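Each chain gets a letter, A, B and C, in the order it is written, and its residues are counted from 1.
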């Protein structure tokens, strides 16, 4: 893909400050809001069942993260998703730790029927959601990569969502096309919430997409932008405390030239 | 006002470490606690309905923020406010996003009867609380400023609270007097929780006030100190990740000389 | 104790990345997760009553913190503790603000019957848990130190837990032995969550212990490592915002040589 096409989403987010409604986990609320502000979006953490249905239609997109799901939150998420769908607003599902834990796994499977625009998870989560049973912890071998890509394709075709499998390499597919991104840094896994906030960033980018046709490109753009920012931040600092600060700074300032010079992408043939 | 009179509240907070009981939103708990610690106060986030009534009388002030209000929290807030009032402790209301959302708007209006010492919000929130219906997003035009000031005055007179309308310029009124503060930085809106934590800082400052007569000055002092710290922090760093760090550092170290040299204030005539 | 024996726990944590299940307070979730990641552990904040019993046996240790306890969380904690015990996994109790608040004090006392491996608190909390009634705010006088040490010994003997009383000097006892650690920095009290995250770090270290016999050494190692890191971080930065960043960086990078060169410890005779 053209780097300029991807970066155009960054410009759109900065210019229009999309309102991103987040129902996320207790650990990452603050960092997620700061990441959204850094990329130029407007975070809104309206969480009560009494309010989500009123708020979701006002937002440009909804980001749902199951990291600390409990019963009250599951009801609020359900109401928010239904309201977003009713208003034609896209929503993103981050199925944290789905697979080993029954309560959230069952809920995530139910949510698939509510047509997320994008699903972003690691290999193990995506395999679980697609109906597979894998203990894959990453995409670190050819077999594991193939299993994750198969699962992502199945999930994308079954749900009509864009599916992103993130890890050392990130794969984004709409079931017909796959792109692989190879930016980032291991430090991104040493700061809590980087992955969760990435899902909210995807929501921001999908929230400025002109139509459903752009969701795949918007998702690639969000992940490419974030991982390039992470890679450059890791050049600023090799330790996690200062890396987290540098990551926010890079997200707020990464320009088109540095983005293009750093981006590593390739097309992947689907089986 | 004399800069030294304002700064005397900073000294009092540092010397006495007032205990500030916070019932705030899920996004900003950590940052609010760190801001309170930086200015020299002692944060206490006792949130359960089972405990708030026991704790509020022990604290020097209570800070209430409606950012992620839900039904259980509304009950805990009500119990905390009643206990603070019963013990003669001042409390501060931050009516986040009041206006467009019915549940929190209704609750905020009910809370006005419980006599907050201070109400701090943006123009749109203050206008909503005063009974107006405005979509003002800031104080960026003469008409918008006049509308916000009118609303603040009405709200102050109706509730006997000090009312602070914060934005590019901050206005603080007790219904008879208004002061305008022109410090700060746009970066303060790029870090989540700066405004919410400011309300908690106001609570800390009001918590060391000798009497109700000092609440207006204490509120001006809290906002002046915080926005001067923010303006100086923005000189340290132009990007949001490192700005947030610099802001905490400045809050912990800003001295009387730098405060006085940076402070920009003026009296405003009420209509 | 030999510095190398203590540091061997650091190496074990880094090599095996123990999964630490945290049920902690709303203020410190993010910082706690980042501290655990910095020391090399894997944080997992599974909080719902529906999931904790399924998750606790999978983790290497459980960390329980009562800072923002409410009724639903007390039920989740109870279920998690029972599941951890059933699976033979150690758990750590951080009895935040126990003593003045009845709800959490009653709950903490009930939890003592569930055999925590370690209890970490300040002097006032440990005295309250041991059945004493003291308003000690620290260990800043000989009498206060004696009262806290007596309480810690009683509590350790009654519960068979390792008990750590942290403050300017940290005391760790199993009821028969006491070690005193004199590292750290006052800045550690100016950043919210440093103490709470320390309890989670203790859980990580206890989680890699070979047997119950090692719990005392593991606890000493966790507190020694964290306070040495804090002391060195305070040399990097004298202000709380940048100190918090430096603390995470030091936790992620402190080597055996710097640890040994900085550690200050002594044995204490029990009465």
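One rule holds in what follows: contacts are C-beta pairs under 8 Å (C-beta built on N, C-alpha and C of every residue); 3 or more make two chains touch, one makes a residue touch a chain.
Per UniProt, the chains are A, B, C = Hydroxyethylthiazole kinase.
Worth saying up front: this structure is predicted, and the values here are computed from it rather than measured.
Colleague: Does the chain-touch network form a line, ring, star, complete graph or other?
Modeller: Contact map by chain: complete.
Colleague: To the nearest 5 degrees, please report the angle of the rotation taking subunit A's Cα atoms onto subunit B.
Modeller: It works out to 120 degrees.
Colleague: If I list every residue number at the interface of subunit A and subunit C, are over half of them used by both copies, so same, or under half, so different?
Modeller: Result for this pair: different.
Colleague: Give, as an integer number of Å, the spacing between the C-alpha centres of subunit C and subunit A.
Modeller: 34
Colleague: CA centre of subunit A versus CA centre of subunit B: separation in Å?
Modeller: Roughly 34 Å, centre to centre.
Colleague: Specify, in ascending order, the residues of subunit B that touch 2 or more different other chains.
Modeller: Residues 26, 29-30, 244-245 of subunit B each touch two or more of the other chains.
Colleague: Can you list the subunit A residues touching subunit B in their complex?
Modeller: 26, 29-30, 33-34, 37-38, 43-51, 54-55, 58, 72, 244-249, 252-253
Colleague: Which of the residues in subunit B come into contact with subunit A in the complex?
Modeller: Of all residues in subunit B, those touching subunit A are 25-31, 67-71, 97, 100-104, 189-193, 237, 239-242, 244-245.
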